[in-house]
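As written, the chains take the letters A, B and C, and residue 1 is the first residue of each chain.
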Amino acid sequence: MDNLKKAILTSLWFMFLTFPLMVVRVNTIEKIVQWRFMNMVYVGVGAFVLSYVWRYLLAKRQIGESRDETGGGRRSFGARLLSEPRLYVPGLAALGLAALAFPLAGSMYQVNIMITALIYVVLALGLNIVVGLSGLLVLGYAAFYAVGAYTYALLNHHFGLGFWTVLPIGAGMGALFGILLGTPVLRLRGDYLAIVTLGFGEIIRLVLENWSDFSMGPSGISGIDRPSLFGMQLSVNGSTIYMYYIMIGLMLLTIFFTNRLKNSRIGRAWIALREDEIACQAMGIDKTRTKLTAFALGAAWAGLMGVVFAGKTVFVNPASFTFLESAMILAMVVLGGMGSIVGVVLGALVLILLPEFLRDFALYRMLIFGAAMVLVMVLRPQGLISGERKVYRFQAGEGSHE
Amino acid sequence: MDYFLELFFGGLTRGSIYALIAVGYTMVYGIIELINFAHGEIYMIGAFTALVVAGVLTALGLPALAILAVALAAAIVWSAAYGFTVEKIAYKPLRTAPRLSPLISAIGMSIFLQNYVMLAQTSDFLPFPKLLPEIGFLKPYRAVIGTSEIFIILATALSCAGLTLFIKFTRMGKAMRATAQNRKMALLVGVNVDRVISLTFIIGSSLAAVGGVLIASHIGQINFMIGFLAGIKAFTAAVLGGIGSIPGAMLGGLVLGWTESFATGYVSSDYEDVFAFLLLVLILIFRPSGILGKAPTQKV
Amino acid sequence: MNKVLSVTNLTMDFGGLRALNEVDLDVRQGEIVALIGPNGAGKTTFFNCITGMYDPTEGEVLVLTPGGANVRLNGMKPNKVTEIGLARTFQNIRLFSSMTVLENVMIGRHCRSRAGVLGAALRDPRTRREEQEIVDRSYALLRELGLENSVNEFARNLPYGAQRRLEIARALATEPFLLLLDEPAAGMNPQETMQLKDLVLGIRERYQLSILLIEHDMKMVMSLSDRIFVMEYGQMISEGSPAEVSRDPQVIRAYLGEDHHA
């Protein structure tokens, strides 16, 4: 009964709350007022149902927390699946074959979408180093992406340098900017660091927009060369397929690299830093240097992807590197599970591909991104898949087996 | 001289709006140490609510001043309601979570609200009716200062004075100060902390709504994106003045307003927003405690 | 005997508040020294000054490394202090809660190993050898402290007493010559405290190190320490053997109050 009362009150409250914006629409020039009372009904019913769901989920989260405190934390289904080679190896093999065959089966449009999705996967994996593993909330990640994209665009435009030459330069420029921006700000507390990186990101975008002599302003740079295959220029379709395989390769490289980092001396230091900075320093870890390494590596990946992006779209302008871009990549990391590689890959794929499959959905894409970020933080802070730690096995004696 | 005065009053007007929004940031930060990223969206919602209400009343043919009063009141009520609801959904369940969780939640909320308004209303710029009446005897000074600017400056001064009195002299104000100093202790001595936090969001959101209505009427158009930039700038103002300090937020707003006004007037108008971001970055790096704030000490 | 730690005239001000006032303390090689005093006397502040968490306002913090070098620690960063060979635990346990027990100890090996980003990516023989060494030594330490059965558990899931031992294991992993323990027995029952005492004595024997500890449990302090220093209101009011200190009227007054004549 109590729940029913709460649900009714919630429903009434949201009908009131959304009344002016959902129900009324005015045209101030022609002085026409449009009333949309059906929306009110939708909100009322929706809020009523969601009120139950919300309270159920909150209660469930609390139970989950207390279970963890008593030490009986079960491993999630996903985690168990991932730790059993018998279960995941065949799946992975099938997935790999499907990925390789995809350009032959899919249309050019679909291949293009997949390339975009793969770029985001790698971007999210790069940001995962900074946000997920090291716990440094960076809100200006798109700036490093822009640095890479403009590195290629400008070097190609002015000096005719090719994709493969600029690819490492782009990564290097990303890292360089990461270090330049990171050095003064890394001693800041978490939330201030987030805002400063946002500020830097916006400054870089605004400079690109206004410094026309350097960056050609808001109209951007067009006619960038696509990547060449052993010196050959491919047709548009050919180079799209080529780009797809390049991205598959770069994604595998990124997964390989970040996976090794995660369980290395440096990776452990990042996670420790995320958990407790003071204890971390007391254990002999150089805070600044460790953070800077994470920052530079994360930025290098963004730079790398920037080059790929410029080579794919053959056109760059500052509008591609707004705060929303950074927020979207962050949403992928958060949703997937901070620190978990599989989670982040899934998070990025879901957030990019889902709106493509459900076209009506595309309009609501950012609405759902935003809502997902809130819900994940409130209901499941560890994301889809929580960051698993490596299990070490020891025999009764000394020595270890991995 | 006229140019200087124009920039001066232009800066004062901008600064007043920044101050009104910054107060909300600083109060929330003072009490729950959260950068309420969605605060700019509350301001935007205030402006939209006023637009809708003004539109309906204009169609009904009410006099301009009545429309202004009702639209402003509606903006305040609904902004406060949104602020209150946002806190309950996105922040309250995260009171004990790691520091960055509520910030991420706030960013999500901000994106959500922007898109909610875009879908419910429109993604275009909407013309905002001129609600602020012209005052006859000011006409000769139009080049230097307009009527709406006077309104904005006065309304800001009044709101800030009211808020200061409230915090200083009422019971609830005292409870707020106590909670800001030490939340656990306030709870132990019987302060209803949940209510204080809710009230903080309500007051902050109301002031943002006032700012939203005034500036929308002054500039004459709004869209769903206006909250982002205004929010960042107001946050800059709050940090500039020393986050957590209410007089600091007001001072910070004015300093930022003048900086922008004079920098765009005398240096270059291309980089208008860059100045604000640059100021934000420099302040956070070199004096994160701001002009009036205290340096935080780290506990081991 | 050689003094591994000698602190002279140490003063620490926070704004107008003087938390430590011209404090002197020394630890000789192989000694177990206790620092006691009422709550708020400045003991943890003293630790923080020595370990680089705070930069003392005045005074000298000198250590003598096993290599025979004299090093001044004032103003040094905490991680440098640890590298030189001082390791600490915390009064309010500070473990890396979402890392496993083993990984917590492995973090302690960080400053004694070298592998960088490139090594992590390539896993060359050198890196693999180093990694194996980190794992083996960490595991050995966990066995030493009786934690070998929870190697792969998350640190936050350990019972309280085990968390305290894990903090000690983590500190030992940095190979200190001076171990600083901040209230190691806090929250333990008498039996656990006795076990802890044996553990601390065992550690000194096995690793040939000196120990400075802050502790409130008088029974443990008296039976464990070679010498005791007593602080009150940021000042050192007494020092000596357990027997001497327990007879000192100033100490008795500090602990029992002005009017009490014991």
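We adopt the following convention: contacts are C-beta pairs under 8 Å (C-beta built on N, C-alpha and C of every residue); 3 or more make two chains touch, one makes a residue touch a chain.
A quick note: this is a predicted structure, and the numbers were derived from the prediction, not measured.
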| item | value |
| --- | --- |
| Leading chain pair when contacts are tallied as C-beta pairs | A-B |
| Per-chain CA centroid nearest to the all-protein CA mean | A |
| Longest centre-to-centre distance from subunit A, chain (CA-based) | C |
| Length of the line joining the C-alpha centres of subunit A and subunit C, rounded to whole Å | 41 |
| Length of the line joining the C-alpha centres of subunit A and subunit B, rounded to whole Å | 30 |
| Rounded Å distance between subunit B and subunit C, as computed from the means of their C-alpha atoms | 49 |
| Sites on subunit A at which at least two other chains make contact | 278 |
| Per-residue overlap in subunit C, given as positions that touch at least 2 other chains | 53, 90 |
| For subunit B, residues that touch 2 or more chains besides their own | 300 |
| Complex contacts: residues of subunit C adjacent to subunit A | 51-53, 77-79, 82-83, 87-88, 90, 94-100, 102-103, 106-108, 110-113, 115-117, 119-121, 123, 127, 130-132, 134-136, 139-140, 148, 151-154, 156-158, 170-171, 174 |
| Residues on subunit A engaged by subunit C in the complex (per definition of touch) | 68, 71, 73, 257, 260-261, 264-269, 271-272, 275-276, 278-287, 293, 297, 387, 389-392, 394, 398-400 |
| Interfacial residue positions of subunit A with respect to subunit B in the complex | 13, 16-18, 20-22, 24-29, 31-33, 39, 58, 135, 137, 139, 184-185, 188-192, 194-196, 198-200, 202-203, 206-207, 210, 278, 323-324, 327, 330-331, 334, 363-364, 366-367, 369-374, 377-378, 381 |
| Contact footprint of subunit A on subunit B as seen in their complex | 33-35, 45, 48-49, 51-56, 58-59, 74, 78, 81-82, 85, 89-90, 93-94, 97-105, 107-117, 119-122, 126-129, 228, 232, 235, 239, 270-271, 273-274, 277-278, 280-281, 284-285, 288, 296, 298, 300 |
